[in-house]
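Each of the next two complexes has chain A plus one other chain: chain B in the first, chain C in the second.
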Partner chain A sequence: MSDATASEFEQLGASVSARRRFLRRFMRQRTALFALGFLVLLALGAVFAPWVAPYDPLAQNLDRVLEAPSLAHWFGTDELGRDVLSRTLFAARISLLAAFQAVLIALVIGVPPGLIAGLAGGRTDNLIMRLTDALMSFPPLILAVAIVAALGPSLTNAMIAVGILLSPTFLRLMRGTAMAVAQETYVEAARSIGCTQSWIIMRHILPNVVSPLFVQISVFAGVAMLAEAGLSFLGLGAQPPDSSWGAMVGRGFRYISHSPSLIVFPGLAIAVTVLAFYVLGDGLRDSLGREIRREE
Partner chain B sequence: MLNFILQRLLALVPLLFIVSLLVFSLVLIIPGDPAYMLAGEDATPEEIAAIRTDMGLDDPALVQYARWTAGVLRGDLGTSLFSDQPVLEVLLERLPVTISLAAAAIVFSLLISIPAGVIAGTRPGSIADRVVTLGASTGLAIPNFWLGLMLILIFAIWNGWLPATGYVPLSENPAAWLRHILLPAFTLGLSAAAILTRQLRGAMIDVMNQDYIRTARAKGLAWRFVVLKHALKNAAIPMVTILGLQANYLLGGTVIVEQIFGMPGLGQLAVASVFTRDLPMIQGVVVMAVFVAVFVNLLVDISYGWFNPKVRPQ
Partner chain C sequence: MTAPLLSVRDLAVTFHLRGGLLRPTRHLKAVNGVSFDIAPGETLAVVGESGSGKSTMARAVMRLVEPSAGSIHLDGDDITALRGEPLRRIRPKLQMVFQDPYSSLDPSMIIADVVGEPLTVHGVATGADRDERVQALLEQVGLGRYHMNRYPYEFSGGQRQRIAIARAIALQPKLLVLDEAVSALDVSTQNQILNLLEDLRRELGIAYLFISHDLGVVEHIADRVAVTYLGRIVEEGPTERIFAKPAHPYTEALLSAVPIPNPRIQRSRQRIVLPGDVPSPLAPPPGCPFHTRCPHVMDVCKTVMPAHTPMAGGGSAACYLHDPQATEGGRRAS
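This part shows the complex of A and B:
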């Protein structure tokens, strides 16, 4: 019993210092820190939108429709005279939540079968991987459109479709890690002293996959945001009165020659936020890269 | 080589079987009564009954699947619920538009990524490298529909240099085809160009550190010759894989790009069919798209065998 506690303690110590090393390296990545700062600010702006936004995003003013950016309306006004800056801030809520939702769905769909495939091996593994290959042979956006067609256009259905599309990568990541870790001597030892499968998953496999998983989550938050924007742009995602950045660009499309600002600002918001997610992902990867290479 | 091709074809059978199951099950995931959903809110009971018999919705799912697959194998993808035309006929009409858009996008992405990747990969850490790397990240982050709208704004609305929408078949008028395809192909190809540039840059950096490059330089070969003949040739091999993977994304991207530029291709058909609840048509588009994607990946596989005899079965 005391042995188990000691090894547990040791392991805890090792993981804490690995985490500290990771943090120290991450703190040196200036662009990634900047991206993280931007994302935090954006999230705060979205949460506190009712206090931050200069106008009510739904308040119409038919005397001031399709105005160019001015001091009163920094991003201009839309076809109903609504303030575009306020709408962009409120749409951030939908866009961020949607990306989060899609990644969560992808994790729920991808992680358990990945673990099962990696640990069970043999026929189960073969079957799961065949299914994954088939899923990956679909052109992604066409499959998403087909799923939305069957389920009906709504933001949640669109994000279910995007989550399904993103899940194979998580599945492969989990499977690879589970297979590699299951071969390790310490897992064999754990198994020989009668540790249960779930204990091995919780104590040995999950801690090993957490860091690469975070890199993937960050990158996929960007990918999901792009996919949501595309689907909402087509009218298959966020439905009125809700508006995401993609849906704003879709509506602004109709007034493109008269009021380009209607598409410029929400589009820039998408591009900058997606770039921030990618840069953060790159920074996270670089912060743990060396450690993983040393283990190999 | 023939053996190798046959083996690859056989490996496709289980894949296509699972794909057919997934495409068919789109009918099964429709919430509620599919006939009612597909007929629309103001359909008469007769119309709903007609759809029910038309799609055989009263039969068990297994029977429905067998009937649907048998039809697909015979080239019968059903009838459009919206226009009553045979689905395959409509698809074949629109396929050339999508293929020419995707092909033009690939050409664009190669025209951008090869010089950019070579310049950045032969001078890592230089200003040119940083500009290329930042450009590639930005290219990945820009939503393609937004890029398309910006291009329409600049090149069509403000300056009138290129048409904003429409499509002219290549066989009808090559010059007009090019004018119409430039903006959409650039819009579709930019993210592929970004991915290929990153890939080529990395591969060039690796290759330029190899001994045979040093040897080639040491024996006095010109820099340009070493880069183009020795380094690029080897660094380009992984690009073929990435290009094969990108084929899927490009086909997917046509959904948005065709919509923006008003091109009558498969992607535009898919979106229109969502709003008309034309499920047989959507299934048809998905089958056709997977067919093209699988075919392209088969070609990539075969080209590997061609380039590198080591992957061929003994």
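This part shows the complex of A and C:
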């Protein structure tokens, strides 16, 4: 009811663009906004780490190793006397960048063939999907370890592995969405008007498949970050002197009985950031969903 | 009689339903040997139950589904086998309005782009020129320029159908295919859209192929009516004749189901209630497709499809009741 009156009001009043409608609905989602705020702050902290961090993340102070949190060192110090807060801030750069790399690789590998499979159908679809099935039949961690072993341990290689592992989901998502959109009457209407095939794909299909993609990107940024943490923990990701949160947890793990705070803060950073990505994804999904508002 | 604008001969559309491992591929004859003409500026209504193949017929005429047999001539040109660029070039003559106005407009486009799209893709107008034309089109269908920058979701069903009509007439087509164009709308909105279509026909001289299951609507808008059953046209003729003297038993049954807006007459009149359901188009009955439900069924109906017999008052019906020789033969057999 309130929806009906709202849309009547819109017809009388000023026009509301889809973008503004999305923003209005997104603004209503407190948790998602909070998550977005946190991620923005985190990104700013990472970018401006050299100015924000109280210490040089690599400066050792062997007089003060494995200290508990104090006023001088909020997050304590590690086994070489380095400031954990500064290291966590700098590690955010690596962790965020790694998540971004993995998602980008997954997008590049997954989206185009997914669209092709969904739109072409038939044999092309079959071929692409069988290849995807083959890729998905590998145990993920074994595949990641194999790729890193083949390419050498480095963060980028680890993220290539993660990107490859995430790509089938993007592929399937794009295939399904493209198939559904291609069935829509407005695509048939576009054909009846006399639009060319490429025009229909660019103007009618692509704009209508991006919403679910954004949701998936946000969720997968979290997944990629988690995968990076796992691989770095195992020593397959970020290599010293670089450090990601996962690598910090991995190193801190050795001193867990002496100084548990060493893994608490980077571990917390991973947990909260991953959660923020998931919550943001949920919020995006809820405010992009067209079906909810569809008046009959 | 002027040359027909649209001439459809023996049109057939067959869908191949792919079977699985253990099921064979099945063939669904959605449209089976249909012929009709539409003169310039004329309205032909195609009526029938759901599943009778009317929408497929419309899509075949629009060349949105491939015909499996027969021919379609538009304005003297054979468009049956056109593809790609040549097909695109005849599209301006032939436009369509779809049943569901909620799904026929791209939700990600503003109205100016929706209505202007035909002008853009055929290179008719761009920029400010296009916007001017879009505004004129919107005004023609009873909307205004202030609607141009809005998205489809902001409009009601009737308004959306007006937008779809504006888009369809943007290229000044000679034939507009209306596939159940008012069926999804409520009755008062239906009337507004029908009046709009009537006005447009007067102003622009467009011919309509009006697909509908609602005979009440058809009576007011159509010059001629074709009645379909299981992918075939069983009767065809001028609207007055069809409504006053229906020849085919199926047409009679359809007409008796139209409610009369007078409770006393409505209560007292005889309704013809057909037994059973429409047979599956996957396995249509042999002979006349209607023989399984026809109150006047004869032996001959079960074997051979009756040919169209011309009727007094115009048009024709495919029924042995009106074919003198066959009736005799049928009586003798029974």
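Brief remarks follow.
Convention: the second predicted complex is superposed on the first by the 259 of 296 C-alpha atoms of A that agree within 3 Å, B and C clash if a C-alpha of one lies under 4 Å from a C-alpha of the other, contacts with A are read in each partner's own complex, and residues count from 1 in each chain.
The criterion applied here is as follows: a contact is a pair of C-beta atoms (placed from the backbone, for glycine too) under 8 Å apart; a residue touches a chain by one contact, two chains touch by 3 or more.
The structure presented is a predicted model; accordingly, all values stated were derived computationally and were not measured.
Touch criterion met: A:Ser257 reaches chain B, while chain C stays clear of it.
Of the two partner chains placed by superposition, only chain C is touched by A:Cys195; chain B is not.
With both structures placed on the common chain, the touch criterion links A:Phe138 to chain B but leaves chain C unconnected.
Judged by the touch definition given at the top, the superposed model places A:Ala229 against chain B, while chain C stays out of reach. Looking at the superposition, the partner that touches the larger set of chain A residues, chain B or chain C, turns out to be B.
By the touch criterion stated above, A:Gly152 is placed in contact with chain B alone, chain C being left untouched. By the touch criterion stated above, A:Gly81 is placed in contact with neither chain B nor chain C. Interface of chain A with chain C (complex): residues 7, 10-11, 15-18, 21, 184-186, 188-196, 199, 203-204, 207-208, 290, 293-296.
Of all residues in chain C, those touching chain A in their complex are 62, 64, 88-89, 91-92, 95-96, 98, 100, 102-110, 117-118, 121-122, 146, 149-151, 153-156, 164, 167, 171. The touching residues of chain B, when paired with chain A in their complex, are 14-15, 18-19, 22-23, 26-27, 29-31, 37, 137-138, 140-146, 149-150, 152-153, 157, 248-253, 255-256, 259-260, 266-267, 270-271, 273-275, 277, 279, 282-283, 285-286, 289-290, 293-294, 297. The touching residues of chain A, when paired with chain B in their complex, are 130-131, 133-153, 222, 226, 229-230, 233-236, 246, 249, 253, 256-257, 260, 263-264, 267, 270-272, 274-275, 278-279.
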